[in-house]
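This is the structure, below, for whatever I ask next.
Going in written order, the chains are labelled A, B, C, D, E, F, G, H, I, J, K, L, M and N, and every chain counts its residues from 1.
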Amino acid sequence: MDILTIVAAVSIFTAGITIAVGSIGPALGEGRAVASALEALAQQPDASSSITRTLFVGLAMIESVAIYCFVTSMILIFANPFWTMALSKAGGH
Amino acid sequence: MDILTIVAAVSIFTAGITIAVGSIGPALGEGRAVASALEALAQQPDASSSITRTLFVGLAMIESVAIYCFVTSMILIFANPFWTMALSKAGGH
Amino acid sequence: MDILTIVAAVSIFTAGITIAVGSIGPALGEGRAVASALEALAQQPDASSSITRTLFVGLAMIESVAIYCFVTSMILIFANPFWTMALSKAGGH
Amino acid sequence: MDILTIVAAVSIFTAGITIAVGSIGPALGEGRAVASALEALAQQPDASSSITRTLFVGLAMIESVAIYCFVTSMILIFANPFWTMALSKAGGH
Amino acid sequence: MDILTIVAAVSIFTAGITIAVGSIGPALGEGRAVASALEALAQQPDASSSITRTLFVGLAMIESVAIYCFVTSMILIFANPFWTMALSKAGGH
Amino acid sequence: MDILTIVAAVSIFTAGITIAVGSIGPALGEGRAVASALEALAQQPDASSSITRTLFVGLAMIESVAIYCFVTSMILIFANPFWTMALSKAGGH
Amino acid sequence: MDILTIVAAVSIFTAGITIAVGSIGPALGEGRAVASALEALAQQPDASSSITRTLFVGLAMIESVAIYCFVTSMILIFANPFWTMALSKAGGH
Amino acid sequence: MDILTIVAAVSIFTAGITIAVGSIGPALGEGRAVASALEALAQQPDASSSITRTLFVGLAMIESVAIYCFVTSMILIFANPFWTMALSKAGGH
Amino acid sequence: MDILTIVAAVSIFTAGITIAVGSIGPALGEGRAVASALEALAQQPDASSSITRTLFVGLAMIESVAIYCFVTSMILIFANPFWTMALSKAGGH
Amino acid sequence: MDILTIVAAVSIFTAGITIAVGSIGPALGEGRAVASALEALAQQPDASSSITRTLFVGLAMIESVAIYCFVTSMILIFANPFWTMALSKAGGH
Amino acid sequence: MDILTIVAAVSIFTAGITIAVGSIGPALGEGRAVASALEALAQQPDASSSITRTLFVGLAMIESVAIYCFVTSMILIFANPFWTMALSKAGGH
Amino acid sequence: MDILTIVAAVSIFTAGITIAVGSIGPALGEGRAVASALEALAQQPDASSSITRTLFVGLAMIESVAIYCFVTSMILIFANPFWTMALSKAGGH
Amino acid sequence: MDILTIVAAVSIFTAGITIAVGSIGPALGEGRAVASALEALAQQPDASSSITRTLFVGLAMIESVAIYCFVTSMILIFANPFWTMALSKAGGH
Amino acid sequence: MDILTIVAAVSIFTAGITIAVGSIGPALGEGRAVASALEALAQQPDASSSITRTLFVGLAMIESVAIYCFVTSMILIFANPFWTMALSKAGGH
């Protein structure tokens, strides 16, 4: 198996696994945060604006972790420096 | 095994695993959020509109993580740059 | 093993695993949501319509994740682009 | 090992695993939903009809996930397009 | 190893694993449902008939998932289309 | 390794694993059901007959899942159609 | 490795694993049932006879699952039909 | 590797694993039962004799599962029918 | 690798794993029993003698499971019948 | 496989796994922290500023752990010293 | 690889794993026992002497399980009968 | 594969895994600590300064464990003594 | 691979794993004990001296388990009898 | 692969894994201890000094376990006796 085959196979596999595994933590964390926000709203409807604001900041922080994974995954598919190098090397043969 | 075979096999396998593993977190997280929303509704029926709005924002955030996985999975099946390259290379033989 | 054999074997295996693993999260999440809905109904029978409506929206969101897996699984069995390509290539021999 | 052997072996194995793994989530989810329904009935016997109706809708949603797995499993055993193709190819030898 | 050996071995192994793994979820789910029914009976003996009826519907739904696994397992042992084909092919040699 | 050896080895291994893994769920589920029955008895001794009857129905349902596994296990040891076929084929040599 | 060696090795390994894995569920289930019985006794000493009777029926049901495993294990060691066949075949050489 | 070596190695390994894995369930189950007995004693010192009697019956049932594993383990070391056969066959060479 | 090497390697490995894995259950079970005894003492100092007596009987039962593992481990190191046989056979060469 | 291929493959795989696995802990930790903040806000709306400040410091600390993983991942893709060395060595051939 | 190498490698690996795995259970069990003792002391300072005495007996029992693992580990390193035999056999060559 | 390739591959893989696995514990631990701090703030706003101080000391201790992992990871990438040695040895060829 | 290489590799790997795995139990156990001590202090500040004394004895017992692992790890690195023997044997060649 | 390569690869891998795995327990344990300290402070602000002192002693004990892992990891990278020996042996060639 030459370098093109291996880099392509590893990139595809890693791109999928990265976003798949990387979605477990953020999804569960956001689920927990939203659940608490809803319980807090039911318990203290008057603090609604401050609860919503804190929730959004928190969701943004947690979503950022999922974004890291998605960005890494997209880099591996569409802007993979190892693939570029392998292509140029294979082309130069 | 040539590059076409390997890229096809890895793409199929990864596409399936990505959405399969990537569905666990969002499904559980959404289940938790909906469960809290229902408990909150039962506890404070008056805050119904604010609870529903917060729930929908939260579900959208969590669903977005599942969408990342689904998009990655579809890219691997229908718009896979490695596959395009492998096809063009195999065709050029 | 030629490309037809490998693509067929990987597609069958992945199709099954995708829906099998992808059913765990949604089933548990829906179970939790339904359980909370029933507890909420018992606690606040008057909010029945708002609870039911929220439950159905939530179930739809969670089911959508299972649908992503089922769709991916069916695509792999009945509309697999890699298989089409492999067949056409094998036929052209 | 020729394509017939491999496709048969993978189909059998995947068919079994799909329904086996795919039964864990729905069974646990339904168990939880039924358990909550019974607790709700004990707590609020007057809401019996609304609880039963919500339970049945929920069970149908959860069972649908198990049905996806069973259908996929049966397709792999009795209507497997890869197997049909492999048979026709083997017959044409 | 010829196709007969492989199909036989895979069928035996899958038949056992299918019902073994497929029994975990339903057994736990039914245990939970029965446990809740008993607690509900102790809490509200007057609702006995409605609790029992709901329990039986729930157990039937959960048992159906175990039945799917058992049916798949029996199909693999006694009505396996791949095995029939392999036998007829081996006999025709 | 000929077909007799492989079928024998796989049958022995699967028979043991089937009943071993298949005993985990039912045993835990029955333990939970019995535990709830005892708590229910302590809480509501007057409902003793209705609790006992519901418990026995529940235990029968759960035990049936274990029986499926045991039956499959015994079929694999004493009435294995693949083994019969392999023996007749080996004898006909 | 001839059939005698493989059948012996697989039988020994499976016999041990069957009873080892098969002891986890029943032991935990019985522990839970006994624990509930003791709590029930402390809470309602007057229901002692009905609690003890229910406990013994429950323990018998759970123990039966362990017995299935033990019986399968002993069959594999002392009354293994595959081993008998392998011995007779090896003797007939 | 001849049959003596393989049977000896598998027997040693299985004997150890059987009692090692088989000790987890009973030890945890007995720990739970004893813990409940102590809590019950603290809550209802007057029911001491009935609690102790029930505890001993329960511990005997749980210990019996551990004994099954220990007996199987000792049989594999000191009274292994496969080993006896292998020795007699090796001696007859 | 001759029989001496394999039996020695397997015996060493199994002896260690047996007592290592076999220590998890008893240690956790005893920890739980001791913890309950201390809570019971704090709750009912007057029942001290009956609590202590029950605790010691329980600890003895749980420790017996650990002893089974230790004895098996020591038998495998110092009184291994397979090793004795292998040595005598190797010596007789 | 030469050094270029191996270093590229290992770098791609590790970069993906690092951020994927490294996202689980921070996402769950942040989810928990945000959830507690929302509960605290509902319980003590007056301490809103001090709660928000503490939450942000905590989120920053937890996010820093995710950043470590993301930085390591990016270093492995875009500033990998081993890759630089391998390229220069391959170029110098 | 001769017997000396294999026995040395297996002994080193097993000695480490034995004490490493064998430390998990006792450490957690002792942690639980100490935690309960501290809670009991806070709840009933007057029973301090009886709590301390029971704690020490319990810790001794749990520590004994860890000691079994440590002793087995040290025997494997410093008094390994298999190693002695292998050395004498290697020396006698 | 020469030493350069292997050391590079192992260093890259280990560097990623070290910080990835090493981030799980600290992130969860810090999440728990921050959560408790927020609950404590809500419960006792007056002790705000002492809570904040204790939180920061605790976070510093926990972060130090993550720092150990990050430092080890960076050493493996940028100051790896084994790599230096391998390079100098490869250069001296 | 000669004995020196294998013994060195196994010793390094085992030394690391031993202390790594062996740190999980004691760290969690000590964390639990310290947590209970702090709760006990908050609940009963007057029993401070007796709580502190019991905590230190308990921590010493738990730490001793970690010390066993650390000692084994250091013996494997710096006083490994198998390594000494292998070195002397390699030197005597 | 010569001894230098193997010892280097194993040392790098083990050094990373040791601190990575070894950070899970201490980080979780410290998180728990800090969390309890904060709850204790909120519940009993007057015992602040005694709580802080006990917390620091506890954190020191838990951190010591992480330090053991870090020290072992650093020894494996910078003061590895096996590596020194391998280098001197390779140099003496």
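As a working rule, contacts are C-beta pairs under 8 Å (C-beta built on N, C-alpha and C of every residue); 3 or more make two chains touch, one makes a residue touch a chain.
If you want to know which protein each chain is, UniProt gives these names: A, B, C, D, E, F, G, H, I, J, K, L, M, N = ATP synthase subunit c.
The structure displayed is predicted, hence computed values, not measured ones.
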item: Chain C (ATP synthase subunit c) to chain G (ATP synthase subunit c), fewest steps along touching chains; value: 4
item: Centre-of-Cα separation between chain K (ATP synthase subunit c) and chain J (ATP synthase subunit c), whole angstrom; value: 37
item: Inter-centroid spacing, chain F (ATP synthase subunit c) versus chain C (ATP synthase subunit c) (mean Cα positions, whole Å); value: 30
item: Distance between chain centroids, defined by C-alpha means - chain C (ATP synthase subunit c), chain K (ATP synthase subunit c) (Å); value: 47
item: For chain L (ATP synthase subunit c), residues that touch 2 or more chains besides their own; value: 1-2, 11, 13, 15, 17, 19-21, 24-26, 28-33, 35-37, 39, 41, 43, 55, 59, 66, 69, 73
item: Chain-level touch network, classified as line, ring, star, complete or other; value: ring
item: Chains listed in ring sequence, where chain B (ATP synthase subunit c) comes first and chain C (ATP synthase subunit c) follows it; value: B, C, D, E, F, G, H, I, K, M, N, L, J, A
item: Interfacial residue positions of chain K (ATP synthase subunit c) with respect to chain M (ATP synthase subunit c) in the complex; value: 1-2, 4-5, 8-9, 11-13, 15-17, 19-21, 23-39, 41-43, 45, 48, 52, 55-56, 59, 63, 66, 69-70, 73, 77-78, 83, 87
item: Complex contacts: residues of chain G (ATP synthase subunit c) adjacent to chain F (ATP synthase subunit c); value: 1-3, 6-7, 10-11, 13-15, 17-22, 24-26, 28-33, 35-37, 39-41, 43-44, 46-47, 50-51, 54-55, 57-59, 61-62, 64-66, 68-69, 72-73, 75-76, 80-82, 85-86, 89
